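In the two complexes below, chain A is the common chain; its partner is chain B in one and chain C in the other.
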Partner chain A sequence: MNAKQLTRSLIAAGLLMGSVACGGQAAAPAPAAATKAPAPPTVAAPAEFTFTGWAINEGASKDVVTGYMKAYGASKNAVIKEQPYPFGEELNQLVLQASGGSAQGAAQLDIAWLATMAATGKLKDLSAYAKDRGYTQAGLLSGQIKGVQYGLPWTTGSIGLAANKQLLDAAGVTSMPKTVAEFEAALLKIKKSNPDVIPYAGMTAAAQLKDILFWIWTFGGTVIDDKGNVTLGDAGSVAALEWYKSLLDRGLMNKEMDRFTARQLFSQGKVAFYDDAIVMKGIVTKDSPVKNLGDLIVPVARPVLKEGDAPQALLWGHIVVVFEGKNADAAAQWAQHLTSDLGTTTNYFEKLALPPTTDAALKADLVKKDTFTSDWSSKITASAKANPFALYAASARMESILTERVNAYLVGSVPTAKAALDKAAADITPLLK
Partner chain B sequence: MERVSPIAPATGGRRQRPGRLKDTQTAILLVLPAAALLLAIIVYPLLNSMLIGFLDKSLIYGGGAFVGFKNLEAVLNNEFIPVLGNTLVFAIGATLLPFFIGFGAALILNGPIPARGFLRGAFLLPWLVPSVIASFLWLWIFNANYGVLNGFLRSLGVLSQNNSWLSSGGSAMLAVLIAKTWQTFPWIAVMLLAGLQTIPADQMESAAIDGANRWNRFTHVTLPHLRNVIGIVLLLSLIWNFQHFETIYVMTQGGPAKATTTFSVAVYQTAFQAFDLGKAGALGILWMLLLSIVVIVYLRFGMRGEEDFA
Partner chain C sequence: MKTASGPWMATRASERALGRIGLYAALALAMFFAFFPIYWMLVTSLRPNAEVFAFPPTLLPQTLTLEHYANFIKNPQLLVYLGNSVLVATTTALGSLIISVYAAYSFSKFRYTGRRALMFLVLSAQMFPQALLLISLYLMFSELKMLDTYAVLVLSFTTFTLPLCIWMLKGYFDHIPTDLIEAAKIDGAGQMQIIHRILVPIVRPALVATGIFAFMRGWNDFIYALTLVGKSKQTLPPGLVLTYIGEFQSQWADMMAASLLVSLPLVIAFILFQRQIVSGLTAGAVKG
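What follows is the complex of A and B.
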């Protein structure tokens, strides 16, 4: 074989591989010039973009949200492609896509992730889309970073305490506990009354130990103070963690408890108290073997350390953001429709019990007459605070450092609460930038 | 004296025509596409990921300033020792446990047992289950609140209340090892069974006639015959387990309190949860260096094995 033959062979092989890789495209015959038809009237090509979210992944909400996508796509000449992720995986998938330049379309975000996503520099400013749509001020704030409206609020609520009234009644707990001492007494009564019931399914699995935040606030801790210093390891946070572990040690809570497990057990009538977002009612009542469970769920203002303190809760919510790039405006219009169209938002509330974020939807009869939502809003959301890490780009990492150290203390691999929280503070401080 | 390739046609001292390639040139050109592919998909990513270990690079902020050994120093001063310990415990445990069980299974399946053909197929089932699915099954078995294991032990009266198998470092690692053993031992059993079937029956018979009991036949005939298979199986298992990710991540995410965080989990968490590519790259460099030792042993063993067979 000479050089020319070999070169020709390699080129031929390359072309063959290229045509195979390109599928039918390379082999498709070119249209014959003689049969060229007159060009059809111009029809605008449908705007194509993706919608990313866990709402189109989870069984409870998937059909509802994909239904909105289809209806909107049909009415607006748009093709909205689904990109579902589990809740726990979505943030890192979006960060990867943003850093690789492939993130596009609209995405559902937990409000705690916004600072991280905004730091990638790939989010579109949605200020123009937030105007005159009647969003509540609290909702708009949940989608802002340094005054820029990166997210349109989809639902705003809180993570608070819910109780199964039937189990409380059976244990002789006649009124909702208002202080930590009363709460402990109630848990002990429940435990004594029925050892198979978990008195308080507080989170003990590392993934959801951010719930320690509201107990730290309850005991007077601040996590990050007004000057931006990490205060974990102060008296309030140490007292909170020691108390939390004491509940575990006394069998008033269970180990390895995560939100999924707590919901399942609450649904089966095996949990008296647990913490969740307002969305919990729709989830735990679905397929529950407990008759009329929906009527037995009571939103409870978190017990306070001493009378007169404000009950603590963690602000919680979902926003929709849009990535800069092709069809970003079309994606922003979809985000606006999804979060503020009266029919869509009230239907979303009806199907999933997720509170809307516009004044008009909140005033709708369907929402106003829902006593569970109004109770939850007045008892829990009214005094809810934002996640203290949510302002920082490294919020996810900061939260995981805290949960790892708290978990280490709960499972006994760190001897004291003080040591666990001091280490958390030392590791979180360098991330405050 | 001119050396002539045994397969190349003799040129008879004729001069090569102008434009005709020499054999070495042809060989280089033929190897070039494969070499380019290798460079693109193995060498470049490897070198790039090693380079990242020397940069201050984040998935969120980008960046990329050269920081020398700062990332390596940070990793060595913090998580390296516990992560190394966990990796060694997992890699050795997940190699030896399935090896002994797989060896036992292979010996049983090699013997005259009823339904041998069916059992040989049935033994493979755990290996056929995708690793992530098997890990979820074991996660549910060990779950503290609704796990089958607790229910079973409580029904027998062994436990009075549920035990949290995945909440303490020791039992969590043991649980992960049990899950991994269940998934892996069939592969080892199949490999060793194949080796057992190559042992000539007359050697076993001769040993028996010479008065060797079962134990002696096992130690003096079976084991020497399986030496190479055992070596390859153990080394490959060790290498794979050194890199293993999914069972640990699904069952414990490296917890509790990092008690099951191995190199693979640590690199994943540092890169894709803390978004710190620089430190993840530094961890990757150390991980690769350690793994290289095992790979070198494997290559040397493999070459020696080839010589033995030659």
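What follows is the complex of A and C.
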């Protein structure tokens, strides 16, 4: 664990302990049935509230999202104040604000953070705002904890496998690998064909080793079973980790690979396969020296262990939550508009290639005609599963424990995959409570 | 007269030469560790984006560009962060200096009950992880309705700079003969006159070193500046991360150019005051 991770963990651990100790009732919000939720009350204008998120300050999304804020503010006589945080810092900041009682307005969240935020007891139940807006079932589920709709889905996609078809063709890989054995054979062919190309830029940097999750699923592991037991260290997870390390040892993957590096190398035509979120196309094609790279990218269903298995992918997406307090209803109406207004969501897709979360937007011509998105959705997102840690308040710490132990095995400081995963299971189990 | 000292002398000379080579090698290694990151920042800031992520990387840039420096200057929000940094770091440095001069003088030249305990209590503030203190400070400032103000940043930074500032200045005050203070008293000077007219001019090098230390603390802090204030009052470290690093962006070249530019005030300060800084930092290191 590096200093920055330690700092984050200390803050998160301290805050969670504090919020549990000081507000036990708040830490366990009572579930509310969506059907019994009251209708959204009318909001007296003008209302002032904050919108927190990284999209309001980040690269391509900044002007788009702040534009929506201004337009909505003008049409509804509302004042939406910006509160941007860097993506990697936002969860800690929001937990701190919620614990300190200063959190207010609406906030953009990664779906993996919802349980942590819900545990603060400060999120508003948005069931009334989710009704009759045409959100997809997958989207709605990404915003729920124990049946309560804390978040409205803004974009729902997955982290899946993408390939550079040109590099595969050059190596003589004529069809997309369907099984792990075929995948391995393809990687070996690519390595042999061009040693300068990284066959598979799988994540090997400690911070992003959560990607091992979909390989564990592929090999038959479950991570956390139906009864709530941590199953890391079972045959499937051990086989997955041993196989993953074997790719590294054979030079089919690179050491210390993180998502940013993988994207850049893919953009330069130096990577054949890598895992990323559905938005990867827009990122890697920007400033790419490879002509027509956009046409060469192929979404690939993750290879399975044996034919008939379901391809595995990790559900990924953004939701918008609202904090209880002053002008919470106005903030909830803004969240509802941002995530379900047809014009706004299709424009968001057009500008940023982030898939919408309502049936109406998904049926819009603009979205339907995008073959990359529809391919990705049918091949990858269709069978994507949620992060198994995402249901728990200590999800960030649990994920961090897994990535530390996996990293320890990959760098050789733990002798066996079994030992690394058993230790991870032992450390994660107490956090399930 | 020829003696057996010839070979012995030659051995000594070769040992000295070897020692020098070893010394230079160690210095070169230390220089490499100290300056390579700065070199890498510089060349990254001068490369076009496509070259920054070229694989394998090259030590020398193939193409030079100043676009990343231009991007910094053209971004008005970064200039707001810069202004906030100057304001907060300068105020922190001045506040820390003012308080620590009096505190250090008291600890150094007065004897009273609880003095040592108080000294160690002040120092103990340095012993807590700052990430943990952030939580309690955030909650306290939230209760006081002080969040999102410049004052909250200055107060927080001063909390962390004061202990070391006080101990640095105390070391310097310890070297000032008590006779000098006694003589001033005999001449009719009060305590304030003694501090302001006699001691402060003497300890000027230590004040410069201490002031720069406090300034650096305010200038470099990331987590407090990110947490305690909103975008309009944030300083450069969180501002740069906010601007260049995100879920889908990593503008390293722009980040390196901006980092080099914002380091300049500190580098210039070090060059201008290096003599005072060295003498200030070493004061009290040797008991005279």
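Here is the rule we use: the second predicted complex is superposed on the first by the 387 of 433 C-alpha atoms of A that agree within 3 Å, B and C clash if a C-alpha of one lies under 4 Å from a C-alpha of the other, contacts with A are read in each partner's own complex, and residues count from 1 in each chain.
The rule is simple: a contact is a pair of C-beta atoms (placed from the backbone, for glycine too) under 8 Å apart; a residue touches a chain by one contact, two chains touch by 3 or more.
Fair warning: this is a prediction, and the values are worked out from it, not measured in the lab.
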Taking the superposition on A as described, I'd like to know which of chain B and chain C A:Val414 touches: first, second, both or neither. first
Considering only the touch criterion stated at the top, classify A:Val238 as touching first (chain B), second (chain C), both, or neither. neither
According to the stated criteria, A:Thr116 is in contact with first (chain B), second (chain C), both, or neither; which is it? first
Once the structures are superposed on A, label A:Glu404 by its partner contacts, choosing first (chain B), second (chain C), both or neither. first
Looking at A:Ala396 after the superposition, I want to know if it touches chain B, chain C, both of them or none. Which is it: first, second, both, neither? first
On the A-aligned overlay, A:Ser99 touches which partner chain: chain B = first, chain C = second, or both, or neither? both
Given the touch rule stated above, what does A:Gln264 touch, chain B (first), chain C (second), both, or neither? both
Looking at the overlay, what does A:Pro289 touch: chain B (first), chain C (second), both, or neither? second
Dual-contact residues of chain A (chain B, chain C) 6, 10, 96, 99, 261, 264-265
Per the contact definition, I'd like the list of chain B residues that touch chain A in the complex. 17, 19-21, 26, 29, 33, 59-62, 143-146, 161-162, 164, 166-169, 253, 255-259, 272-276
Which chain A residues qualify as touching chain C in the complex? 6-7, 10-11, 14-15, 18, 54, 57-61, 82-89, 93, 96, 99-102, 110, 260-261, 264-265, 267-268, 270, 279, 283, 287, 289
Which of the residues in chain A end up touching chain B in this complex? 1-4, 6, 10, 92, 95-96, 99, 116, 119-120, 198, 204, 206-207, 251, 254-257, 261, 264-265, 393-394, 396-397, 400, 404, 407-408, 411-414
Chain C residues within the chain A interface of the complex: 49-50, 53-55, 129, 131-132, 134-135, 138-139, 142, 147, 223, 226-227, 230-231, 238, 241-243, 245-251
